[in-house]
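Next come two complexes, and both contain subunit A; in the first it sits with subunit B, in the second with subunit C.
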Partner chain A sequence: MNWRLAALRNGFQDATAYRLEFLFEVLGSAFVPAAIQWVLWYAMFKIGGAHEIAGMNYSDMVQYTLVSLLFTQIRGGDHDFELQEMIRTGQLSNYLLRPVSVVEFVYIRGMAPKLLIAGVCLTLGMSVGLFFGMSPVRIMGAMLMALIGNVLHYQIGAALSTTAFLWEEAYSFLMVKNMLVSLLSGELIPLNLFPKNMQWMWKITPFYLYVFGPTQYALGHWTHTYFLEQLAWSCVWLAAGWAFIKFTWSLGMGRYLSHGG
Partner chain B sequence: MKLVQYARIYGIQVKNNWVREAVYRVNFLTAMATDVIWIGVELLLFTVIYANVPVLAGWTKPQVYFFLGIFFSSDALFTTFFQRNFWNFSDLVNKGELDILLTKPVHPLFLALSRWINITAIFNIALGLGIAIQFANPAGFAGGWKWLLVAAWLLIGMTTQILLRFAFSIWVFWTERSWAISRLYYQFFQFATKPDTMYPKAIRYLILTALPFAFISSIPARALLHGLKWSEYANVGGVLLAFFFLNAILWQTGLRRYQSASS
Partner chain C sequence: MLGFDPFQRPIEFRRKIALVMGQKAQLWWDLPAVDAFDLLRAIYDIPTPIYKERLHTLATLLDVTKHLNTQIRRLSLGERMKMELIGALIHWPNVIFLDEPTIGLDILAAHKLREFLKEFNRLEKATIILTSHNMEDIEKLCSRVLIMRTGEIIYDGTANGLTEKGECRLRVRLMQSPTVDELAHVTGLAPSAIFLQNKGPEAAAGDDDEDDHKPIFFTLKYDNIVAILQKIMTTYTIINMGIEEPSLENVIQRLFQ
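The block that comes next holds the complex of A and B.
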């Protein structure tokens, strides 16, 4: 347990050592995607004169954008890139000699700044949400789902990073995953805008649990029962992700040739 | 004479990069696949949007696809020849590697910005142009000799990216680590992925002046499809010149501040 706390503390220190960088990152990742979303709604409703699209009017869309901001901050993280870099450069060898799981260690250290942001978003969501009639219980539930989404995202990334054992680089695979996530998580547009014949695209991945799911629940568009059902699904995905990591890492370690000194 | 010398150096850089890329063949292929998926995601976003509305801020679906074709080609040009160099620019300064470049008998910026070439991205130039050609007719592009203008606008788009990326990277002389500012650049870069007429007035003004991301593909696509007013052409020239001089001043000031970190 001690090493986990130490890794978390290490991650906090790393994030706060470059405070200006950290602030830039948070601001950039929060407001630019929101501005892009708003631009689309502006073009559709204000310039295009539409009144309702996929059952949502302009204010519904703006509300979705604002609430989704709380969860887009928690999704993702680049620690899977760190794993692939360790494999590629042979740095992984340093970790294999230690009595800690390298996959877990990298996650905990990388998760620290996300936890900090999650705390801020939760406080902000619960306090500001009160003025707009949003239930604090729903926001807490939604944040829980977003945090599970963060773990899932890492699990997929950690498994994909093992392709670096085969081809020395997993960068491209991780980039592809991030691109798909940006659209299929609901960060760019609410997923109910997908036409019926294209809905399967986001339903077959767990990515909707990162942003779309939490936002729908926080806004009261999902019932408690449906939310619990989706939470159960996220646990199933977690178990599958864990098995996926075990499988890919055991395969990868069998092929590992350290280049480190 | 000087030009020949620069061309020879660049030729050697291209050869070195080709050898490096050829060694990692799988990476070459996966990087190409990544780009195809990125293009697919962007196209999918607009496919979803156009499934709900017939016209978006005066742009029909084929016109937006034509715009995306120009955008992909223009961005791929920058990615091929400059992107990696900008990612490594921060290291040049904070690891003191700039020292070596400053001692060479060619301009240090030429070496700093031409060392890494991403040959994989050349494929994207063709892919983007393919998309533009595919949708040119339904988008209302006149074609013929105007395809020559496409090449000119792609160069303007690439120049815009170089000047903007430089303006974001140069702060490493003051901040020591420019990773977050680089990320911020890519956040703002999202503004280039949509036609400028979609934006509200304030943002539109911003991306046509202080942060001219609209010059990467939106202005080129508009110019090719409908033509621009003379004031808009003047704006493009004026803003790019202003950025060029601003960057030159920042570079000189930054160099004066630079303290080698190497031993």
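The block that comes next holds the complex of A and C.
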């Protein structure tokens, strides 16, 4: 069996070693952003009496919340934290001596449970989507974009984790990145709610391709052409991310020092 | 090494080496060891029949066959270290780096591990580079010893070569408590050949009621024992004495003093 398949299998076994814990983690990470959004929409539309915000009414907002849940689950995991911890503790030495790329290996192992969740979300989205008249092609396209977003998220994290070669507190750096992602990916609020003069903030990062982009396409708010254009952009980001990783890791490896056992 | 530049880390080079660090586990805590070995089999592209044979050989030699399907977190430290070794050796490396492999292990587990390494080395002719602060590991396993001090090699040779031929350790307890310099002056030996021992493993050779008098160790040739004792007795009163083979630990201690 190819080592990538074996790593996927191993990562899946590791993530689901405690099945109940895995289930609670998935449900918990879906429930929290959904609950925050629902409370927000209820306060604005039902208590505050608003009819439309940024062209979206209460029903649009709830739809966004529910559909975005499918993609929030696929958004990147914490493998970048694993990388920075390996660099910081010297555990990286174990991986550097294996005949595989450490960045790729850590990603594939960590990606395994996300792939399962993506499969479940896709099936769920397509089945429920059919009932609500959503196009299966759009849901599949949106899932593809979310998966590319997952790779992008890891690429950025893997490059940032190299700060651990220089700085022992690189963990905080990754935490800040994750907070920005929560805000700018559309996981907490639809990004078109941003004030007009602040829209550039999410447009200059690739984070909107994680949740907001897939949700907009699945809901039919993006045309096929615009979606393909965004997909092309995500490929540009992927190439840039790959170059960024190569550059930061070659810099970091030159400074790597492990004090052994 | 092996015709490669280690810093370049070419794939072929990585397939031929292995590293085990006593303090840094490479197996996954929540998974049984056999799952990790299965992944390593795929990483090193080992054909299944060969993998099964190697796993059987290694698990039998290390006596952990019955633990292969147990989660790593549920194993004892010794069993975990044995699994780490299997994980490192499953691809039959040519060069194995072992960094403190017996750290934290009980006497039996450490003994078993040493026996295994000896046997593996005998069977496979693999080069084992062992870094250890445990002198027993070195005395029992290493045919060549390199001692480093602040990044410089200060000794390169056999373990036996560290203790010169015909050299021994004279242990004496005195009524007085002279300093190393005073003893050097009286005996004419270099201060580096004299070692004052506080209570500890070395002191165990003496009686309990004599613990107040520190044992003093002189490293010298057998031929000089009588002459040195005579010199000591001109100035000090000897309570008891003994002659020992110098241990590797003491020799290294002396090298660093």
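Simple rule for what comes next: the second predicted complex is superposed on the first by the 259 of 261 C-alpha atoms of A that agree within 3 Å, B and C clash if a C-alpha of one lies under 4 Å from a C-alpha of the other, contacts with A are read in each partner's own complex, and residues count from 1 in each chain.
Assume a residue touches a chain if its C-beta (ideal position, glycine included) is under 8 Å from a C-beta of that chain, and two chains touch if they have at least 3 such contacts.
None of these values were measured; they are calculated from a predicted model.
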Clash or fit, subunit B versus subunit C on superposed subunit A: fit
Partner chain in contact with A:Gln13 - subunit B first, subunit C second, else both or neither: second
First, second, both or neither for A:Val100, with subunit B first and subunit C second: second
Touched partner set for A:Ala43, first subunit B, second subunit C, both or neither: first
First, second, both or neither for A:Pro214, with subunit B first and subunit C second: neither
Dominant contact partner of subunit A by residue count, subunit C or subunit B: B
Contacts of A:Pro33 with subunit B and subunit C, given as first, second, both or neither: first
Partner chain(s) touched by A:Phe173 [first = subunit B, second = subunit C, both, neither]: first
Touched partner set for A:Pro195, first subunit B, second subunit C, both or neither: first
Smallest distance from any CA atom of subunit C to any CA atom of subunit B, in Å, after fitting: 8
Residues on subunit A lying within both footprints (that of subunit B and that of subunit C): 18
Residue ranges of subunit A touching subunit B (in the complex, touch as defined): 18, 20-22, 24-25, 27-29, 32-33, 35-36, 39-40, 42-44, 46-48, 50, 53-54, 167-169, 171-173, 175-176, 179-180, 182-183, 188-189, 193-195, 198, 201
Touching residues (chain side subunit A, partner subunit C) in the complex: 1-3, 5-7, 9-10, 13-14, 17-18, 89-91, 93-100, 260-261
Residue numbers on subunit B that touch subunit A, as the complex places them: 24, 26-27, 30-31, 33-34, 37-38, 41, 44-45, 47-49, 51-53, 55-58, 175, 177, 179-181, 183-184, 187-188, 190-191, 193-194, 197-200, 203
For the subunit C and subunit A complex, residues of the former touching the latter: 9, 11-12, 14-15, 17-19, 21-24, 26, 28, 30-31, 35-36, 38-39, 41-45, 71, 99-100, 103, 131
